[in-house]
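Okay, so subunit A shows up in both of these, paired with subunit B first and subunit C after.
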Partner chain A sequence: MNKLSAVSDWILFAGFSIAVLSMPVWLAPFGADYPDLMQRFAIFGLFAIGFNILFGLTGYLSFGHAAFLGIGSYAAVWSFKLLTMNVLPAIMLSVVVAGVFAFAVGYISLRRSGIYFSILTLAFAQMSYNLAYSVLTPITNGETGLQLTLSDARVIDGIAGIEVTRTLPFTNLFGLKMSGMPGFYFCAVVLIIGFFISIRIFRSPFGTMLKGIKSNQTRMAYTGLNTRPYLLWAFIISGMYAGLAGALMAVTDPLAGAERMQWTASGEVVLMTILGGVGTLVGPFLGAAFIKYFENIFSAYNSTNLNQVFDFLPDGIQAVAVDVAGLFVGSGWHLTLGLLFMVTVIFLPGGIMEGVRRLGLLVTGKSKKNKAPAAGSSSTANEHS
Partner chain B sequence: MENTVLHVADVHKSFAGLHALSDIDLSVREGETHAIIGPNGAGKSTLLNVCIGRLRPDSGHVIFDGENLTGKQPHEINQLGVVRVFQTPEIFPELSLLENVMIPILAKRDGAFKLRWFKRFSSEKGVQAQAEEVLTDLGLGTLIGSEAGSLSRGDKRRLELAMGLAQKPRLLLLDEPTAGMARHDTNATIELLKKIKAGGMTKVIIEHDMHVVFSLADRITVLAGGRIICQGTPEEVKADPRVKEAYLGEEQV
Partner chain C sequence: MSKKTTSAWSRRDVLKASAASTAIAGAPLFFTRHAYGAEYLNNPGSNSTVTLGFNVPQSGAYADEGADELRAYKLAVKHLNGEGDGGMMNTMQPSSLKGNGILGKKVEYVTGDTQTKSDAARASAKRMIEKDGVVMVTGGSSSGVAVAVQSLCQDAGVIFMAGLTHANDTTGKDKKANGFRHFFNAFMSGAALGPVLKNAYGTERNAYHLTADYNWGWTQEQSIQASTESIGWSTAQKVLTPVGAGDFSQYITPILNSGADTLILNHYGKDMINSLTQAIQFGLRDRQVDGKDFQIIVPLFSRLMAQGAGDNIKGIFGSTNWHWSLSDAGSQAFVKSFGQEYGFPPSQAAHTCYVQTLLYADAVERAGTFEPCEVVASLEGHKFDGLGNGPTEYRAGDHQCFKDVLVVKGKENPSSQFDLLEIVEVTPRAQVEYPVDHEMFAGGDLGTCNNGV
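Right after this comes the complex of A and B.
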């Protein structure tokens, strides 16, 4: 039984890796095969996968994870400014800085649970956002956002003898430019590594303890387990994932702004995780890709497009139809997202993954029914995939 | 005199002026089964909660094997070898029976915290075998893969007992282990507890059911109104007029 589940994890991992790396091929029919969008799939997928380690396994709902995303971005841009345009030091620095910050926020917020924990994390994130806008301007460059300049030090690049160009330098991986398709593949590889670590955590004793905390935290304490460090590590790890995602944003586009830390960004990752399927391995990535894909489609529409769409209608009705539909597209796309989210939560509380499971049952339903009496009850161990 | 394992020394506890426990002095000897009985509201559960660190006494101490338990965290008390089985089953409903029992075994082996995120949980063959053994002993062997939340109430209580026994505790505190059970299940539980008793584990049982108490206990402490009114062997307690007045009288008319 155990060997089998180890094998099925490897199959899942291989399938995920292939699907992610071949996105440029199979996303083409959907018109989503351009690097900028696929980078976003990978980055937000990573963000949601990390968020799910905290929310999915322990049930602690953080409403401030965007703060770690923002901090990761700032740390990465500072690495580009001060050290080198190579992306590896930047992402390492981001993960460390986000981890340290997550330790501080988690140490305080985890003194409470439930809604109070959520509010504490939200408060920390908003505090970071406002600080980044005002007091911390020397570090964050305030409203303008942190950008590269020609006068940046870039100490390591200087030592390595990389020539100073007249234009702004590019982020690179040992000379390979990290924009466009190479940038996507870099993000994809980082996502796959992040996914692998997430599988290991889900299947480890540590992950099982986290599931125990979600299931019955009181019992954990009376079983001799100190739940605080378990929760704190889950918080730090998911904060590091967020920092990594923030670093990848800076890798593909080397600037960092405070708006990345705003509460709407924190809320978005919650939506992604729930939409995809809380506590599942691939769900959060699917949720992230789903939201980013539809955001891309719906927010691109404007009244000209809509007029074309409703061209077949008589003039008066066409105007009304365009006005109504206009509420749901462009900057009003969040209305569509809200509706989609409501429909999902009401009809598929387990998110996209539950939909997939139900479809699977429909397809294999007949064969399962025949096998059920023979299989007995011992093989029903709960597998989360 | 045999060794005292648990010593409750002069414990007081009051809630908003109500004296839930006063002058409680109690010694539990190594290897014995000590029953705490008393009418509703006598303070039995409060006493148990004080012993496991859920409540802090206003004054007095709880000493377990030379260590003062007062003010210790619940997980620290468990790590010393004091395990409590609750009245309403406290299990992990979303996890499998096997996981439910493996977690306490790992907690005992690895301590209160250990960050092992890369190893596979299912590769813990030794722990798994141990858990399977305990589950089989308690008649749950055929259900190890099922979700704990799907069990019947009686099986849930048995599972919780399995979780406690899996840690091989030095002191097992049982809160009404047969409450709400049918007579058949009650007898099965008594047999089971007798078996554990034969193994020499020290136990404290809070119980309502006199049948259970007199089948199992070596010594009995009777609480009423937050005070100990009588302490002794089952025969002594049966014969004590104060006990009859406070407790037995109302049940054995």
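Right after this comes the complex of A and C.
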């Protein structure tokens, strides 16, 4: 049994890695094969995977994870400004800072569970947002967002003798520019590492303990176990994932804005996880990719595109069709997303992953095992998005 | 849980190797995607079309301005492609535009929603550059967004033609070689308003600032404070308010006890509509402080905001880049063709965006190429007329347009729902001009232009 699940995990991991690294190929038919969007798939996938370690395993719903994302971004941009444009120190700094902050927030919030925990985390996130937005403006530059300037110190770069030019330096990994496709591959590799760690956590005794907390925390306590440290670690780890995602956002685009910490951003990662499938390994990534695809592709549709789509219809009907469809694209993409979210939650409470599982059942007739889906299914699922 | 065996490790190595080789084998295909035959990014080459990116706020506090900007862009594309009546293309001098697109290529466009957020705006601009292959991005309505997108365009290597952005920073400390601004700025507002305020309200006033908390608000507050203090006014207090706050009452009550007799609202869009309406509901304008009538000033005014604020704007002073009631040939031609298309007159946001599109197209025609560095060279120092603001110059030193500034006042007896502002004074260019290294604009560097390859 153990051995079998280990093998299927490796297959899942391999399939996931190949699917992620080959995104530029199979995303082309969907018009999503441009670096910026693929970077977002990887970054928010990582964010959701980390969130799932807390929400999926322990059932504790944090409504404030965007705060860690934002803190990670600010830490990374400050590292670019003060130390070096190399991305590795920035990433390390972000993960550490986000981890420390997660410890502080988690230590207090985890005194309560259920809705009170959610509200506490939400309160912390809103506090961080408001601090970043209008109180700590010397550190965060408020609404304008923290940006690089020519006059930044960049101490390590200075010592290393990197010449100061009249144009802004770019973020790099030992000279390799971290925007465009190299930036995507970098994010993809980090995502794959993050995914691997997530599998290990799911299968570890620690992960089993967390699942125990989810199914019945009181019983866990009766066995003489102190559940708080486990919860706190899960919270810190998922906070570090969020910090890492925030750092990657700054790596691919060195700018940090307070809106990354807003409650809508916190809500978004909850949506991603639920849409993809709570507690599954691949689900959160699929949910993240799904939402980001909608946000970037549907919001860009305008009446010209729609006219092309409905070109085959007669003139009068075409105008009506364009008007009606126009409500659901462009600035109305939230409407489409909301409808799809409702449909998913009502008919597929387990998210996209449940849909994949049901499809699998349909195809194979009777399943041998109703365990986590195999590797190939990740690409099948994406064809829906 | 002793599932890890030695065989698992070897399997891992195999997987690692296969994943790595996939990446390495696949990588060259994508690194080189844009590399063929391009001496600049998104070269349209022999395509019959060229794509421009219109990145405007379609949601958030500045959505009204964004919607009007988009209308203007669409109209400009129409005119460039030789459809419609040509609008200001007929009055622009000098003009190399032929009405057959740009360099014979039909103009197409893509749109994006900035959500009035730097992050979303950059994501949307990146999509335009990476996916849609635009050669120029334009748009605005928030200076925070404009500065963020301008620096993105500089790094990516496309031209940025700023839409409505009024902060000094856009062509001050955050100026970029690939970015150009036609709109006026906060310093110019201050310089134009000063003398008018002195005439209207005298030299002994105590001003209270409510300021939108981002780079535009900061620089406007600074500019207006400098200008009012130079005519002898004092400054009671300066309070920062978050953008999109909706309810400003908590910021307005303290004014009543501050001893100030003048309120300066450094707000824009829906924020200005809300704060002004609430200030008047609180009875500020009916008050008397030390025998002086309480006055409100809105340094950056627009007709769209005036429309939103209704009767509340009557008698309030402000400045604006352009107003549809101007009687020069360019303005009239633009108002006519905009009116025919949409049924109402354009706002100043629409005007500046329309003009920017035409100026870009004209610069490309004169340069004979879309190559960003050539376009930059042809825009720098360019002098033109007939676009509604009189003789105008794109200063080479900071890529800011210099032209006359309008001081306006809310009309007491409007003749229509659009006739809300009256022009009090046209401040000549010489009075609002400043050196490139003026202290409110210092600290930046244009850098060198970037072709993106």
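By definition in this document, the second predicted complex is superposed on the first by the 344 of 385 C-alpha atoms of A that agree within 3 Å, B and C clash if a C-alpha of one lies under 4 Å from a C-alpha of the other, contacts with A are read in each partner's own complex, and residues count from 1 in each chain.
The working rule: a residue touches a chain if its C-beta (ideal position, glycine included) is under 8 Å from a C-beta of that chain, and two chains touch if they have at least 3 such contacts.
Please read these numbers as outputs of a predicted model, since none were measured by experiment.
Using the contact criterion defined above for the overlaid structures, shared-chain residue A:212 touches subunit B, although it does not reach subunit C. Note on subunit A: of its two partners subunit C and subunit B, the one contacting more of its residues is C. Look at A:6: by the touch rule set out above, it reaches both subunit B and subunit C. In the superposed model, A:223 lies in contact with subunit B only, and not with subunit C. In the superposition on chain A, A:203 contacts both subunit B and subunit C. In the superposed model, A:264 lies in contact with neither subunit B nor subunit C. In the superposition on chain A, contact of A:168 is made with subunit C only, not with subunit B.
Shared interface residues of subunit A, touching subunit B in one complex and subunit C in the other, are 2, 5-6, 203-205, 208.
Only residues 1-5, 8, 11-12, 15, 18-19, 22-23, 26-27, 29-31, 33, 58-59, 109-113, 117-120, 122-124, 126-127, 130-131, 143-144, 147-148, 151-152, 154-155, 173-174, 212-215, 240, 242-243, 443-445, 447-448, 450 of subunit C touch subunit A when the two sit together in their complex.
Across the complex, subunit A meets subunit C through its residues 2-3, 5-6, 10, 13-14, 17-18, 21-22, 24-25, 31, 34-37, 40, 133-134, 137, 142-145, 147, 149-151, 166-168, 170, 179-182, 185, 188-189, 192, 203-205, 208, 253, 255, 257, 259-260, 296, 299-300, 302, 304, 330-331.
Looking at the complex, you find that subunit B touches subunit A at residues 52, 73-75, 78-79, 83-84, 86, 90-96, 98-99, 102-104, 106-108, 110-124, 142-147, 163, 167. On subunit A, the positions that touch subunit B within their shared complex are 1-2, 5-6, 200-201, 203-209, 211-212, 214-216, 218-227, 229-230, 233, 237, 377-382.
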